[in-house]
Each structure stands twice: as structure tokens, then as C-alpha cells.
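As written, the chains take the letters A, B, C, D, E and F, and residue 1 is the first residue of each chain.
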Amino acid sequence: MLIPSLVVFSLLFVSSFASVQDFCVADLKQSDTPSGFPCKDPKKVTEADFVYSGIGKAGNTTNLIKAAVTPAFTAQFPGVNGLGISIARLDLAVGGVIPMHTHPGASELLVVIEGTICAGFISSANTVYFKTLNKGDIMVFPQGLLHFQLNSGKSSAQAFVSFGSAVPGLQITDFALFANELPTELVAATTFLDVAQIKKLKGVLGGSN
Amino acid sequence: MLIPSLVVFSLLFVSSFASVQDFCVADLKQSDTPSGFPCKDPKKVTEADFVYSGIGKAGNTTNLIKAAVTPAFTAQFPGVNGLGISIARLDLAVGGVIPMHTHPGASELLVVIEGTICAGFISSANTVYFKTLNKGDIMVFPQGLLHFQLNSGKSSAQAFVSFGSAVPGLQITDFALFANELPTELVAATTFLDVAQIKKLKGVLGGSN
Amino acid sequence: MLIPSLVVFSLLFVSSFASVQDFCVADLKQSDTPSGFPCKDPKKVTEADFVYSGIGKAGNTTNLIKAAVTPAFTAQFPGVNGLGISIARLDLAVGGVIPMHTHPGASELLVVIEGTICAGFISSANTVYFKTLNKGDIMVFPQGLLHFQLNSGKSSAQAFVSFGSAVPGLQITDFALFANELPTELVAATTFLDVAQIKKLKGVLGGSN
Amino acid sequence: MLIPSLVVFSLLFVSSFASVQDFCVADLKQSDTPSGFPCKDPKKVTEADFVYSGIGKAGNTTNLIKAAVTPAFTAQFPGVNGLGISIARLDLAVGGVIPMHTHPGASELLVVIEGTICAGFISSANTVYFKTLNKGDIMVFPQGLLHFQLNSGKSSAQAFVSFGSAVPGLQITDFALFANELPTELVAATTFLDVAQIKKLKGVLGGSN
Amino acid sequence: MLIPSLVVFSLLFVSSFASVQDFCVADLKQSDTPSGFPCKDPKKVTEADFVYSGIGKAGNTTNLIKAAVTPAFTAQFPGVNGLGISIARLDLAVGGVIPMHTHPGASELLVVIEGTICAGFISSANTVYFKTLNKGDIMVFPQGLLHFQLNSGKSSAQAFVSFGSAVPGLQITDFALFANELPTELVAATTFLDVAQIKKLKGVLGGSN
Amino acid sequence: MLIPSLVVFSLLFVSSFASVQDFCVADLKQSDTPSGFPCKDPKKVTEADFVYSGIGKAGNTTNLIKAAVTPAFTAQFPGVNGLGISIARLDLAVGGVIPMHTHPGASELLVVIEGTICAGFISSANTVYFKTLNKGDIMVFPQGLLHFQLNSGKSSAQAFVSFGSAVPGLQITDFALFANELPTELVAATTFLDVAQIKKLKGVLGGSN
């Protein structure tokens, strides 16, 4: 006679806790908040919300940098919203490079899946830390510091980079300086670069002014 | 005439900020703190502190679970101390399984490198979310919830799992219940398992009492 | 003549700060966010929002575990939303037990109000820490670790358990494993439990598959 | 022959994770840090570190306020260090009062154990929220706001107050203003209180200047 | 031939990251959340959202305290929402005083722009720390502790105070005690002040009961 | 007879809470931790620990950038350790510029004290937000994003910049790229800058390789 009473207990008990927040799959149609997007109705969440196949294929590296970054941040993979973790895939063809950049919102941890990658970062004290990484090696890049990765081998390379935030951000220095309407004179004044150099890169990257 | 003055400026400027904290490589000989280990002297930090090769090789899967977990947390890779990120490698031979477990301190993000993995987690509302993952698929496991991974394919499988903490912790339910001196009667009273079942698993996993 | 000017000052001053956020009583009708529910209009908040009587009475312990957990988390007591604290009441009849469980989102602090309780937790290193507690004793259970409480005395027992989060969560291991549709073969593969044992508990707890 | 291999696995596996941080019992002899005290050597930690009996007895209420606060913060109960939770016991004789005070570091959740308590807090907008609480009622006091508790019944009262921090702090307004060497003229200038009133309370509370 | 391909790359690349959260300008019309207000549509954000001129002019000091506080918190300057920083301007005429107060949500850093200011705070241990500050001096006031500032010079004084939160809050002790309907008997019981003193200040500050 | 008993109460009460952490003045001789430096013995802390005069005077702007940054971070002002706030002074002679830079650890809030400053930042989406600021204007710069300030007026300018961290960090892009031993070929590969341009700036800023 013990079984029925436990079943009753079980059902009541579960319903008491039904609104506990284990996860918060992003409802991207609502406004974002400082802690992430509002949650999709938990009753409509399925296993598909926690799985993503979008970084399973190599990105297109037939471009100038011969490389591709394929992110799985909240915008692409709403299941990580609020969970403090995200990932991206790096593909580098021979000669490929992920240009100097920062992630304003998180530290990064890279693991080499294939090939040879020269990676490094620069500290606030302007010290450079860089090393050649082989398959299976990992490297950590502290939050907000300039860093880069380039294929230093003779075949294509691949890596996964994880972040301690669902929205780590990405600011590529060249794009920030040369791919927008920031006036050439302001770029020159704040970087000491020659005007000709700036205009050349603005031309390449689509900037104006 | 411009160069000397800037050099002077540069040197002064850099020294002003020399003690800024970009990173905090763990000095494992000092006592831990709630926020992580005290920092190794920044002057003695080199690029080697940020790179680790210990998860580059497959773990030994010739054991009962036909699987291995190889972590790169602060204890193994002091460079991640304080940076809110870490990683581990999973190797699963045919039939291999990472038993039901939790990470008390962080959410987990898995990416399949090779093979086919059936992975899932259970929410506080006791709902089960599980799916079969192929190479390149990712899945996120919210902090603190029971989850598992098993090789559901016909060849060996490999995955990397990232965590939003340098010390995510790992509690394997079976080891917690059966691999220590927790008295059988307490296990029975708190899990409803039969005493014979408990004694059998204590025998296998090395528990006593 | 001093009074009028101060009154004016006072009124202006207060209105300047009227939108400061001291609290954020949950508006449970809106979507949850990673930091908690959106706030009820502060103008409609009254003292009733900060007081709750729902844990004043003993829970019903006429069930298999001879125990009851009565929570005052955000879902039951919206006043704690965003404040990083919550509480629950434990009632244990003679022989009662709160089964092995975890709180994914917070550490717990128990204070015995009545009776004698044997309580314990298991660390990531599989070390067991347990002790018999008497009236007025307190015990702390670190976040995310398996723990349990059982009435080890000859009369009923009562305790209050506080949490460092408004939504600590609760995952009872048995319910997670046996009270849902997680296939028996998956439970067996990931827990090493015998199939007969699993089926028996699924029967008791209402699970299927 | 399966058992030996699993035992080997188990032992190796456990040692891999031995340094994971589940808890950080305070070593009060070392210097504090912004996140709490450095941790006692985990190998020397026992169940006694997680249990405390110091709030089991009523505090001495034979004093002017006819009340006593008995804390179990990190200083008294090192087991809560780093875990974001702590507790204190309130005892109020008939007519007893916990004077107007704040906790700079955490919100508070009070549960009445015995008697009748009138409790309240004041918001930044100077709105007052107060109510009479009976046995089993709970009330939450948002972080940093002025609040008070007083025995409004005809018998002694008792309560437990929990905090979402191991070091919530406690600043009793009267003691801050009148129990130290803050010059009377500064108290007068910053509180608008009459000098005679200030001198009277300085006399009672042991202040000077 | 290289330019066109990079332009294409650039455009694709940028769009991939368009939803990254760099900032979250408050949409004050939506409900607040524990982490701050929901974000204004990023496409409608302009440089005007990050600039504010409201603290450029001296506040009106022709009042009893001969002082003014002009805040730039989220309510006045939505651009700081979610960014963990805010500021206010203090103007003190000769004899002016910012009365004893606390900020429940953040530490404060004051910099003297003009004049001479005597500033201080009181710790939980009731120790007083106060000093006379001159132009260019800075002083830090730890979160939640009672503090004050008064013009101790012979000319008007000005300061800027920064906070490590966009919503630091402000509770002026006198207004909390005397500018509302908190019953005189409760104020007397919880502060030990004489009833006549309380009634006098309630009269001045507009309180009742 | 009431006074003596309260004095006794007061003394006991204060000692009970003597170890509460209100602040944590940095002991810079001990090792840093991820949450900041260990605390100086609270008994040796005086008001001098919370006051700093080092940013009261203009920095030396007789250098190439005609500007100076004078910080009051933990290294210069140990009183802010652990309090989540810090400040720096900017002095810009006519034509002065604070070059393009980031703060990896905090958002920044600038207030113009004197003169006219053109300030701006660039988002992850490469959108530029910049504006001319006059005396009393404030501008906020979100964490980790590239930003700059330059004197756009005809007289010297001064500003204070506050940060929501005691160790915000500072990475000046030019110094990171050109003032160290990062090989020219790596700079070229990761920034697309011409080798001649890189060598020129390395020469000016003291870099090698």
C-alpha cells in the first residue's frame, strides 16, 4: 500500500518546484537585458534547444584572411543564454590568420583539432606571450586582451575556442579602425598611423571618411 | 627630436601600470581562496604558463566504463586560475560511458570531435533532455544538473567539454554513493535502493560499511 | 523660515531618487530572465510582498518518505526575487528522510528547530561528511553537492534550510533517475544499477520506459 | 574479472580531481581577501568544520535593549567561508528590540521561531514597510536598507535571520553615531539632532568627544 | 583582386556578430529586472545615449542643508544601465552638508573639484574614519556604510562621486527616520531618541504619525 | 542603573562583529589573488588608507602625445582593493590625445573638468560613437571596447575617468603592437599594416624584432 502514497507525494512534490530556473533558453524576440535575454516558456523547451549543429562544418576560408570564425553564442545558439559558456569554431586554410582582436566579455580557451597554429596575446604591460600549438594543445587568452591565431603549418588548421560567457563579444582591431566611418584624421591622431596607410586599409575593408 | 620624448613617456607609462592584473597564474603551493589560488609572481610568468599539452592524448579506456575523462582545470593547468574557463577531454571506446554525474560549479558545453555520442541531462522538474550527437554537434548542460554521455556508435568517440569556471568540480553519483565509507543503511534510507544492490556496487567501486 | 525650504528640498530630493532599485518583487506573469523575474511596479508594492506565511505550518508527512519540504523560493514568495536568499521548511516524522539530493544553484544552511536529524554531504573527492544534529545546531552544505537529512530521533523533527539564492533549485536523485521516461537501459548504463532495481523504483516513483 | 579494473579506474579517477574546490573552510590565521579567507588544508577538514552549535542557546537579554544577536558568520563559523550564506539568532525578551540597523553586504531573511515580532524596513524612497509577524512567518529585508525588529508580544520571542553572504556585516545606527569618538558637532551637523540629545546618547552608549 | 573578396568577408563577418551585447541602454518604459532595465533596440542607439550633460551645472543649494546632490544613475542617464558604474555631483555652499547616509548597492569614490570638504565614514566595528580633503584629493567609502560630507572651508565646494553600480541607491538616515509615516513610538523604540526630538525632526522633514 | 548594563552590552556586541569585512585595504607585499590582494590587518588601518592625493596635480604632458594618464588603481591607492571602483586623471595639453585603448576589466565613466574633449568608442559591430564634450559633460565607455579621447579645444583639458573595478587594466593598442618584441612579420600578418609602417612605429615606441 506504500506505492500509491509515494506516487501522490511525487506528483505534488514535482509541481512545487516546477518553476525553478535550471536554464533560460533565450527568447530572442523579446528585449535583451544586462543578464541576457528573457527565457522561452520552459514548457516549450525541448532537447533541440540544447543542441546545435551549426559549427559542425568548416567555415568558408576563400577570403583574404583565408580563415573563418563560426560562433555559437546566444544569437546563434539560444540554449547557452544565462549559462556563462559559449564556443566558436576556427578554420584556417594554409596561410590563414585570425587577425588581432579582443573579446570584451570573457576569457578564451583554444584547443587545436587539426594542424599547427601560432597563437599569442599581449598583456596590459605590453608583454607578448605566443607559442606554436599542435593538435591537442590548449591555450588560454585572458579577458579583453589583444590576441591572434595564425596557421603556421603546411596544411589547413582547425580549432575550437570556448568562452566563459554566452556573449563574449568580438572586436577585430582592423575592422574597428578601418571598416567604418571613423574619420581618417581621428584614426591618425589616435593610432599614430600614417594617413596613407589608413586610407589604404579603409579602402580594403570598406571604411569611409 | 620627437622620438626620445616618446620613449621616455612610454617607459614611464608602462611602469605605472605594471601591477595591473590581466591574469593570475595559480601558485598551487599557497593556500587556495574562495576566488582561486594566489597568483604566481607575474615577472616569472612565461608563455608556457598559458599552454598545456596534457589533454592532447587519449585517456586510457581499458577500464570498466571503457571511457576516460582528462581534465585541464586549475590543478592541472594553473593558467586558467581566476579566468572563469576550463576544459576536459572525453574518450569513449566502443560501449564506453561517462556515468551519471554533476558539476557543482559550472555549466558544460560539449563538442563531439569523433564518433557518435548519446548525451542528456535531467532538470529539477525531472524532465529528461537527451539526444544523439554526431561529429561537430554541440550540447550544453546547465550547471549542477545530472547528466551523462555514452558512446552510441560502432567506433570510438572523442569530445571536448568546456566549463564556465576554472574549478567546475565533478561528482559522479555512483562514486559518491558507493566508493566511500558512507554506511549501507544510510545509502539505503536516502536512495530507496535495495541493500543487496548497494553492497554489490560498494564491492565493485571499493566502498565499505 | 527654515522649515519650508527644507520641505521643498526634501520633496525634490526624494523624487530624484524614486526609481532607485532597492528590491524587485517578481512579476511572475512576465518572462523570467537569467537574473530573475522582471519587477512588479514599485508603486504597487506593499509590506505584504515582503512577508510570507506559507512555511508556518508543518507539511504533510503522511507519505512514503515520512517527510515534507515546503519551499519559499521566488515562485512561492516573489519578494525574494533578485535578493540572493530563500528558505524552506523541512518536516520529518519519525523515520522520515529527505532523500539524497542537490541544489544546483546555491549552498544550504540548515538549523534544527525540533528533534534530532542526521545530516550529511559528499564531496567531489567522494569524502563523506555527516553528523547527528540536535535542536539549535546548524550545518552548511556546499553548493551542488549530494546531501541528505533523516530523522534519527524518536520524535518528529523540524528544520529550516536557507539558501544563498532566490532560486536554489532541487534535484532529488531518485526522482531524476526513476520518476520520468528516461529509458531503463540508459539508467542502467549510466548508473551500473541492475535492471530489476531500476524497474522496481520506476514502478514506485511513477517512471516509465 | 571486471572488478579489479574498475577499482583501479576509480582510484586514478578520484586522485585526478582531488584538488577540486567544493568548499573553503576559513583559515582565520591567514590574511583575509576580498572573496573571503584562504582555505584550511582540505585534508584536515572534518565534519566538525561544517557544524556549529553556538547559536543553539538563547543569548543574554538582560541588557538595555532586552535582546541579543548571536551570529554564525565566518568569524564564528569558518565553514561558511566562500559559500555565500550565514545565519544569526535573535532573542528578544518582553519589550526587547533589535535597534535600527543595516547589513552592508547582504539581504536578510527572518523566520519567527517563537513569539510575536514587529519588523520593518525603510526604502531609499523613504517608504516604510512593516508588519507584525507570528510564529512561522518570514520576512525579507533588502540589502543595505535600515530595518528593525521588536518584540510586540507579551512573552519572549525568538527568530533566525539568514543572509546571502558569509560576511553580511552589521551596522547599528545608534552605535555608529553615539558609541565612538565621532565629534558631537559632526554628529549634529550631519544628523540635525540636538546637541543635548547627542550627548545624552553618547553618555549611554559610551561615546566621547 | 584581393579587395573584393575581403569586402565580402567583412560584411558577412560583421553581420554574424551584430547581436553581440556590448552595452544595454535602458528602455525605462519596460519593467526593471534584478540586473537592470531591458535594452533599447541597439539599432536605435546613438552617441547621444552615452553622453549626459545633466550634472554640468551646480545644483540648487538654497535650502536648509545648503547642499545639492545631482545624480546620473540609470534613471537619469540610461546609458550606464548594466555597465556597473555611475556618478553624481555634489555642491556644497558655505556651511553645506550632505547628511549621514548610505548607498546600499555600491562603494563610492569622491574627488574634490573645488573647496575643502570634511568627509568620513563609520565601519561595522563603529570605528570612525574622517579627514579634511582639498582640491584633487580622493576618498573611498565602502559599500553600505554610513558616511557624510560637509563643507569645512570658507567658500563653496564641489565634488564628483562615482559608484561601482548603475543603481547605487541612496538612503539618508534622517529622511528614512523622520520624513515618512513611521510611527514616533517605533522610531523611539528602535533609535533611543527622545520623543520630543523625533517630533521636532518629523516636523521639519515632513513626517507624520 | 541602566547605563552600565548597556555599556557592557555595547562592548560585547562590538567585539562579536569585530572581524566583519567592511573593506580590505591591499597588503601589496602578499601575493595577489583573483579577487584582489589580501587585506592589511584591519587594526592597523587608518583614515589615511582611504584618502589619496596622487591625482591632485596635473600629469606631465611634455611628451609626444601631449597628454598624461595618472591612475589611482589598487597599485597606487590600496584602499580601493576589493571595492569595485577606481579613478584616473587625464591631462591633455593643446593637441593632446589619449591614444586608442581598452580597459579589459571595467567600463569607464568620464567627466570633463576643464576644456573640450572629443571622445568616442567603437562597438563589436564596428559602429563608431563619438562626440565633443564640454566642461561638466559625462560619457560612458562600455567594458573592453576600443576608445579614445583628444583635446579638441584651444586650451588644455582635464578629465576624471572612473571605473567599475579596482583593477580595470589599460591596453594601449599602439604600445601593445609596437612597443615590444612581437616580430614585425606577426604584426603585419595579424594587422594588415605595411611592414614599413610597423618598423616606423616600432622605432618611435621602442619595439624590436
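The definition used in the following text is that a contact is a pair of C-beta atoms (placed from the backbone, for glycine too) under 8 Å apart; a residue touches a chain by one contact, two chains touch by 3 or more.
Fair warning: this is a prediction, and the values are worked out from it, not measured in the lab.
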item	value
Contact distance in steps, from chain B to chain C	1
Copies chain A and chain F touch via same or different residues, half shared test	same
Most distant chain from chain B by Cα centroid	E
Centroid distance [mean C-alpha coordinates] between chain D and chain B, Å	34
Rounded Å distance between chain C and chain D, as computed from the means of their C-alpha atoms	20
Touching two or more other chains - residues of chain F	14, 17-18, 20, 22, 30, 33-35, 38, 104-105, 120, 123-124, 126, 130, 142-143, 145, 169-170, 175, 179, 204
Chain-to-chain touches, reported pairwise for every pair that qualifies	A-B, A-C, A-E, A-F, B-C, B-D, B-F, C-D, C-E, D-E, D-F, E-F
Contacting residues of chain E [partner chain D, same complex]	97, 99-100, 102-105, 118, 120, 122-124, 126-128, 130, 142-146, 148, 150, 169-171, 173-177, 179-182, 186, 189-194, 197, 200-201, 204
Chain B to chain D touching residues, read off their complex	28, 30-35, 38, 62-65, 69-71, 73-75, 104-105, 167-170, 172, 175, 179, 203-206
Complex contacts: residues of chain F adjacent to chain D	2-3, 5-11, 13-14, 16-22, 24, 27, 30, 33-41, 81-82
Contacting residues of chain D [partner chain C, same complex]	14, 17-18, 20, 22-23, 42, 46-48, 50-53, 55-57, 72, 77, 79-80, 83-87, 106-109, 111, 113, 120-121, 123-126, 129-131, 133-143, 145, 160, 162-165
